[in-house]
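Next come two complexes, and both contain chain A; in the first it sits with chain B, in the second with chain C.
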Partner chain A sequence: MAHLLKDKEAYERLNYLYQAAHCVLSQNPENVELARFYCFTQRTVARRLVLKQDPSVKRTLCKKCSSLLIPGVTATTRQRRKNSKIRFTVMRCLSCGQSKTLLNNPDYCLWVDRPEAQLEQQKQPGDKPQINTTQQLLSRCVV
Partner chain B sequence: MAACCGKPTKKELKKHIPTKTSFVSPLTPTWRPLPQQDMHFILKTLKDKLISVGLEKKEVKVFRPWKKKKDQKPPAAPSEPAVPQVQDSPQNGWTVVAARRQLAIGINEVTKALERNELKLVLVCKSVKPKHMTSHLIALSVMRGVPACQVPRLNQNLSEPLGLKSVLALGFRRCASTDEEVFTDTVDAIKPRVPSLDVAWLPGAAPTVTPEDPAHMEVEVEEEEEAGEKRGQKRKLESESKEITESSSSCSLQPLKVKKVVTNPARKAKKKVKT
Partner chain C sequence: MDEALVRARIPQDLVKVLGVESQSSSKAEAFTQAFLKNSIQQHARHDLKSMLSHKAVVLGYSRPKKDKTRRNSKKAKGLNARQKRAMKIFQIKPEHQRYELFLPLHELWRQYIIDLCNGLKPTCSPQSVQQKLLKADFHGAIITVLRSKCPSYVGTTGILVQEFKHVFKIITKEDRLKVIPKRNSVFTVEINGFISHIYGSKFEQRAGERSAKRFKVRGTLDL
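Entry: the complex of A and B
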């Protein structure tokens, strides 16, 4: 795939909106509306052009009202646990009350962070790590 | 096999590897690395302090029979309420209550105290998995102007002297007026060793910076008011524009970060099986 297709401008726009929302909140912590508008626009742009966003971005946005979640300013973060020793990190958006739960599994690694998902390491075809069915299919195609 | 079909099939397979570009956040806050010496020093001072103060949470493990409650309940019931009542006051709970009040132990307590701006120093364990458990503390402590650092083996070293299962975050509260506890000297010893945190979109990371800026601003405002109205207004405008330029320069635009990700083949396989 070509490096950064036609949507490069769109990605730059996403970048700008995201950082602008942060700057707005840093200068005026009470102006949550403007930051929310920026993030809402960012989400709309990504939705219209079907652009993928990293979990590091999505975890800081509220899914309901799409306001920027900053712990202490617009959101509260707590550790909770269910009785069966399962622990969560819960982020609550202060404006709409929507809570975002993240499971505290020490062994869990996001697909995006895994080495298998990185494009640079996959120069040769058929070198995909051990996920059985598709690798076998590919190797059969090569042969 | 390899020679004739090599090139076209390789190209096809390259195209067959579907990749997706995803927009990555350029603003994720990260901890600063702590040099080894400082780490050892901090751990050592903390441990010595805790042992010398003798702060520990003691829990008496009451034997509770799991099976056959009916049989063992009548003999166990009268003994159980008697035993913990006796043992509650001296042994169960924290040994030094005053010292416990000066500390904020545990992630939730540290977060709440940070939100209310009660802390002087925050220490976080670095060997935390998953990282999102403590990552919110970075931005919080930067905003409140509190020095914070990640110490790798905080958890292992502090859980034993304190008698707790796991200590992932520790905070020292601000003393009201009288410094009863001796934690203040530990705080002063550790503070200079803590590296200053930097968050890209927040101005004034280190705690020394933030008190200086409002002090400067106040001084300027006072001078303007004394000088006179017109001059004061001009100076106010100038100072305001200066402030704006300063703050906007600190919020410089980070370059675009994009990640190329291979789609998860496990996902596709599952879909195929379903349909």
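Entry: the complex of A and C
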């Protein structure tokens, strides 16, 4: 399948903005606004060009104020439990107070990782590189 | 003291297991300060250090009051313009922030642009590079004002920190934040030997919108 060229550049731009937000935050952990600005730009670009992003990237962005969520620095993470043994993780953005609930199911397989999704399209250039760099950058940011 | 224990680095064998690495002590210090500032509630009034050294600090009550706003409105998406104004833009941190802190960002930008054009000056034609630059992102680039209708702007150089609809925000070497309007100015960007001029009047779009917009050749390229 042919990669659409203008999308590839757009994905590179998204990727760059995400990494830039991490870089700025790692240099100065009190400057949340600039990271928020970069993530807002990233979301605008993705929204205008209707680009799909990987869930692992979307989970670290706040939906309301679009700041970068890093547990410990910009967001608090807590474990909660409903009575019937369903546990979930709640991440709360410190700046706007919006909380994000994620279910703790270790057997859950994302759509992107399933073999059916892989068969329809080959690797999108934007998504996979983002995963790798996310891990590297997160490891750099943690004290 | 016990503080030294908290700040000690993680031993090497744990690094691989956990997948995280310790940072240098100055950065760790900065992160700790930021974290403390976020957690402690009354930081505005007292100095942090004095608070911590004197007595026990209340980090939070055991049962915080739940939000009384309508529990039913699950969808709290979006923001009003008021909230945007309250938060988003730069505060007066640049006095806090120095030029050196943005140099890694510039390095990142340089690598990004080299990847985007996948080549240097001899290989690609300037045309294709220009096309890519139109849609590219300039946050973190070192930008200089070449010509401008207002002569006091000419010669200003710095790293682009934010791009808004009609202005660029630049931080100069003297750690000053300068706001430069795009209209009636010519900027120049240099990428390891490849110099490109940008006519600011044609670039009056929000940073995100520019990658979605197609540019037409319209009008003369004058100031």
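Everything that follows uses one rule, which is that the second predicted complex is superposed on the first by the 117 of 143 C-alpha atoms of A that agree within 3 Å, B and C clash if a C-alpha of one lies under 4 Å from a C-alpha of the other, contacts with A are read in each partner's own complex, and residues count from 1 in each chain.
Methods note: contacts are C-beta pairs under 8 Å (C-beta built on N, C-alpha and C of every residue); 3 or more make two chains touch, one makes a residue touch a chain.
Predicted model only: the values in this text are computed from it and were never measured.
Q: Which partner, chain B or chain C, touches the larger number of chain A residues?
A: Counted on chain A, the partner with more touching residues turns out to be B.
Q: When the two structures are overlaid on chain A, which partner does A:Glu12 contact: first (chain B), second (chain C), both, or neither?
A: both
Q: Is A:Arg48 touching anything from chain B or chain C once the two structures are fitted on A? First, second, both or neither.
A: After superposition on chain A, A:Arg48 lies in contact with chain C alone.
Q: With the two complexes superposed on chain A, say which partner A:Leu34 touches: chain B (first), chain C (second), both, or neither.
A: The second partner, chain C, only.
Q: Taking the superposition as given, does A:Val90 touch the first partner, chain B, the second, chain C, both, or neither?
A: The answer is neither, since A:Val90 touches no partner chain.
Q: Going by the contact rule set out at the top, does A:Arg59 touch chain B (first), chain C (second), both, or neither?
A: first
Q: Output the chain A positions appearing in both contact lists, the one against chain B and the one against chain C.
A: Shared contact residues on chain A (touching chain B in one complex, chain C in the other): 12, 16, 19, 23, 26-27, 72-73, 135, 138, 142-143.
Q: List the residues on chain A that touch chain B in their complex, please.
A: 1, 4-5, 8, 11-12, 14-16, 18-19, 22-23, 26-27, 46, 51-54, 56-57, 59-60, 70-73, 76-79, 89, 91, 102, 104-108, 111-112, 116-119, 122, 125-126, 128, 131, 133-135, 138, 141-143
Q: With touch defined as at the start, can you tell me which chain B residues reach chain A in the complex?
A: So the residues of chain B in touch with chain A come to 1, 5, 9-10, 13-14, 16-17, 19-28, 107-108, 111, 114-115, 129-130, 132-133, 136-137, 139-140, 143-144, 200-203, 247-248, 251, 253-262, 264-266, 268-269.
Q: Per the contact definition, I'd like the list of chain C residues that touch chain A in the complex.
A: So the residues of chain C touching chain A come out as 19-23, 27-28, 30-35, 37-38, 76-79, 83, 87-91, 93, 96-97, 101-102, 104-105, 108-109, 112, 115-116, 132, 135-137, 139-140, 161-162, 206-209, 211-212.
Q: Okay, in this complex, where on chain A does chain C touch?
A: That would be residues 6, 9-10, 12-13, 16-17, 19-20, 23-24, 26-31, 33-34, 36-38, 40-45, 47-49, 63-65, 72-73, 94-96, 98, 135, 138-140, 142-143 of chain A.
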